[in-house]
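What follows are several structures.
In the two complexes below, subunit A is the common chain; its partner is subunit B in one and subunit C in the other.
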Partner chain A sequence: MKVLKLKKHNLNDYLDSLRVWGEVYGPVKQGEKYIYGQLDDLSKLDTKMLRTILPVKKFLMPPKFNTFTFDENKYKAELENIPNRIVFGVHPCEIHGLLILDKFFLERFPDPFYGERRRKTAILGLSCVPDDKCFAKSTNTHYVESGFDLAFNDLDNYYLVWVGSSLGDDLVRIRLDLFEEDIKEKDLKHYMEWRNWRDSQYKLNVNLTAMPDIMELNYSSPVWDELGDKCLSCGACSMVCPTCPCYNMSDQIRPSQFTGKRERTWDSCMFKQFALVAGGHNFREARSQRVRLWYTHKLKAFITEFGKAACIGCGRCIDTCPVDINVKTVVKALKGGK
Partner chain B sequence: MNKPKVGFYNLSGCSGCLLTILNCENQLLDVFNGAEVVSFLMAQSNNVEKELDIAFIDGSVTTDEQEEFLHELRPRTKKVVCLGSCSCYGGVQAMENEKGTWLKRFNKVYGKKPFKVVKPFESKPVDAFIPVDYYLPGCPIDADQFLYNYARLLRGLPADVPKTPVCLECKWHENECLLLKDKLCLGPVTSAGCKAKCPSHNLPCIGCFGPADESNLTSEFSLLKEKGYTFPEIERKLRLFGGVKFIKQFKSLWKKAQK
Partner chain C sequence: MANNVYLPEPMRIVRRYDLIDDVRFFQVRPLEMERALQLNYLPGQFMMVSLAGVGEAPFSISSTPSRPGLLEFGIRKVGIITEELFKLKENEVIGVRGPFGNGFPIDKFEKKDLIIVVGGLGAVPLRSLLLYTLDNRDRFGRIFFLYGARRPAEMLFRREFMELKSREDLHSMLTVDKDDTGRWTEQVGLVTALFKNLKDIDPQNTYATVCGPPVMYKFVIDEIIKLGIPKHQILMTLERRMHCGVGKCGHCVIGSIYTCMDGPVFSYWDVMHMKDLI
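Then we have the complex of A and B:
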């Protein structure tokens, strides 16, 4: 993997140059929170952002979009007008989140709508310093080795820039004049010192060791009923979770003729209707069962299937749930703590 | 193929739901071409009252005349669809329901007056009188949700009105959570479909789409209580649009909470 240097004062100039390839997005402040917004004006870019309300998945599987249009004889997939996008400021944990979504959508049953957007979205990672809700060190998602096109590591007055893909290389070549290629020993030292310092900044530790076993032992635990009583079933946790992939489909037909579109929207297993099937039967009638499913999926089933948790320690559930149900509190409760 | 015969009717309410349909200017031809609209007082002349495939009812029931109309309508229509929170839940005009007698409340506002034209009573949803097949809530209804379901119903498909909470659509818009900002927001207990209009303008949800599927009122109550809201404050908000459905739900909670 190639590593380059970019002086910080050149960042905006560089991002501005990338517009020849696509639309540029990055973290911008909205009220007291952050979102990934379009950077028409680069002064809006806020590199100190910790977590956006919605993760970067919103670009790859938007909350609501049309998959295809149809009439009585044919259908036409809507894959043509997807723009090239560059998303700058994606933190390491979120890139791990993308790798998890890739498992859902690119492997056994490739999803063209996700795949096409993933291909056309350049991921420009950015290192971060954790706050008291980040626990990416616990989930081992605080560094990235793949899943990005460029990764920027913030070191005082410059960035060390990892080139992670051939697209990343192309993007560097757009403004090669801004980058320095001679990485010196002191840069490596600087980087290693930064790493040690950053590792020491993780205040929250959520130990997920042996979680599948702990979940199994807790299958009939009253903890789930307590959580079910408390859960508002608002689904916000699923919306903001970078690894939640579920969606719903609905056919929007015109009243007077047989033409229409198939719309895809984010869904959540926290909703009662999620497991509703023909005949009015429901696999998960009780709210407690639904809360259990969400956590079983993240912290047990995914580990059994892929060898790691479907949690990247980004802290969005901690930041979002109005009644304090999140990976931190649930893991604690399952281990017998209050 | 014969087009399905439909009728649009208005009981007590502002008719805003029917107006929402007429405001769909780009789809209006679709709405009228897709069916044989036999009765739509707000939109056309020469209405006839006959056998129907679908009757859409806007407004709540507040007079004996309306009650009689519903009993006359039901046997001649295959499906009855409630449009808007008045016909679904009783509407804003049901916010004081079950608080003492209706007549006492009426007299307090209007004085003691004889009823000459019709005999009025406490605002009730349509399903208090006749069986209802589908409910499209909202104050007013959402145009897209109506058009989607209208097309389905014309083809004999069941309505599809997911009663997921407002929070779902609110998060799609990347709004800051108003509950976390200690606002009295009814988002988690209110049905979506509105595209989270109010929270997207930084205004807390006031519940105009009525209860969500399995609203966890108990948890919403204790959360709001923790934030310093009193039960009368919360009840007032819930009563505003939630009508009889919410009142039924929180009555028992109320008793428990006051203990």
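Then we have the complex of A and C:
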């Protein structure tokens, strides 16, 4: 993989130049938290923030978007007006989240709505330093080798920049003048020192080994009832989780014009109506069943299907759940801890 | 984008009539004859039917791929989409995409005896299998068809199944829980009572398929198990909420599987070892 250097004071200049390719997004502060926002004003970019409220999936499967427009019975897929976007500041764990979504959406029955957005969204990764809610080292998602176009590694006064794709290379060439190609031995040393230091900064360890077995053994455990009693069914965990892909479909019509659209919106298996069928039967009426499904799908089903859990250790569920139901507390409870 | 799995294909309603009080038969066809003849699917698969402005829902295919050109459905009026569907007449156009799901493992049935057990609306998907096996009669062993409905007026495809009774290469048994007409010529009693008529079953060489209301499964499967048929040779088709048909929207998830892709046909072994299936 090609590796380059970019001096830190050139970052904003570089990102500004990328506007020739597409809209530039990155982490900006909103209230007390952070979001991936459009960087019209690059001074608002925050390169030190740790987690945005919504993960980068919001660009690839927006919370609400139109899949088809139709009149009477002619459907037309909405795939043409998707803009080129550059998202800067995506942390390694989140890029792993994208790799999981890629498998999910692009392997069996490829989803063109995800695929087209993925193709038009340049992912510019950025290294980070964990806080007490990060456990990406436990999930082995704290470094990336693929899934990005460029990856920026923060080393004091410069970035080591990995070029991860053909598009990434094109993006470098937009401002080749800002990059240095000569990686020296001291840069390697510098990187290794930083890496060892960063590894030592992970305070939280959530061991997901053997979770499929543990979930199976806990199928009838009272833990699920206790969690179900606490859960508010708000679905916030699904909204903030980088690997939650579920959605709902609904048709909106404009009767006067005989036209309409088929919209896709985020859904959550925590919602009561999620498994409700016509005729009134609900396959997961109880909250405890729904909480169990959420965790079974993340920590067991994905391992069965794709060989690894659908948890990237980003800490968003820990940060978000109002009643403290998250991967950390659920795994602990299932393993018999308090 | 070459192939959009979500894009409904326009199909014309060719014929529709009521099978029973609230269940209507729909024959549909792609607009072009050539395309209609290319439709391919397996018994046990389903299609997503789309009404622009109303939405989409999954429906089992009731026709057999051995008779190409038309797709048939038996649809119960039970929700928003079916209510609108019931308002449509011949020659109106609806959206259809699919087929989806695994369908029945027809190849494994070759040379084997087959017991098809139906309760109520379960006749819709299993009619596809029955007609398929009859159209390819030389590929299968003995075929037993057991269908139970609550009353004669609630038996789907009643006339068609009555006519099949005259065939010598099919053991067909029809029963109703209660005969309220006084003119019913077939059996009276639960579908489970028909099992006593199954003679000389060689369990290792027999497959059983079941579809019906949830209450039926336990009792029917008990009878099949008594015959000694292995768990993985007992197949059933299940229902869940589905929006996509392609394992994405998540509504039909049960533990580690997507009903729409990994099912809707599951073996009794699947049901035993994957929790929450039924």
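Quick note on the criterion: the second predicted complex is superposed on the first by the 335 of 338 C-alpha atoms of A that agree within 3 Å, B and C clash if a C-alpha of one lies under 4 Å from a C-alpha of the other, contacts with A are read in each partner's own complex, and residues count from 1 in each chain.
Operating definition for what follows: a residue touches a chain if its C-beta (ideal position, glycine included) is under 8 Å from a C-beta of that chain, and two chains touch if they have at least 3 such contacts.
All values reported here derive from a predicted model rather than from experimental measurement.
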Considering only touches as defined above, state whether A:F70 meets subunit B (first), subunit C (second), both or neither. second
Which of the two partners, first being subunit B and second being subunit C, lies in contact with A:G315: first, second, both, or neither? neither
Determine, under the contact definition given at the top, whether A:H297 touches first (subunit B), second (subunit C), both, or neither. second
Is A:I253 touching anything from subunit B or subunit C once the two structures are fitted on A? First, second, both or neither. both
For A:Y219, is the partner it touches subunit B (first), subunit C (second), both, or none of the two (neither)? second
What is the contact status of A:G97 with respect to subunit B (first) and subunit C (second): first, second, both, or neither? neither
Using the touch definition from the top, say if A:A236 reaches subunit B (first), subunit C (second), both or neither. first
Touch test for A:R287: subunit B only (first), subunit C only (second), both, or neither? first
Figure out whether A:F271 sits in contact with subunit B (first) or subunit C (second), or with both, or with neither. first
Going through subunit A, the residues touched by subunit B and also by subunit C turn out to be 248, 250, 253, 260
Contact footprint of subunit A on subunit B as seen in their complex: 27, 29-31, 33-35, 147-148, 150-152, 154-155, 160, 162-165, 167-168, 170-172, 174-177, 179-180, 187-189, 212-216, 218-220, 223
Subunit A contacts subunit C in the complex at 67-68, 70-75, 77, 79, 104-105, 108-113, 115-116, 219, 245-251, 253, 260, 267, 269, 274-279, 283, 289, 293, 296-297, 300-301, 304-305
Applying the document's contact rule, which stretches of subunit A touch subunit B when the two form their complex? 30-33, 35, 52-54, 63-64, 229-236, 239-240, 248, 250, 252-257, 260, 266, 268, 271-273, 287, 320, 322-323
Seen from subunit C, its contact residues with subunit A in the complex are 1, 4-8, 10, 50, 52-57, 78-82, 93-95, 239-241, 243-244, 246-251, 253-257, 261, 275-276
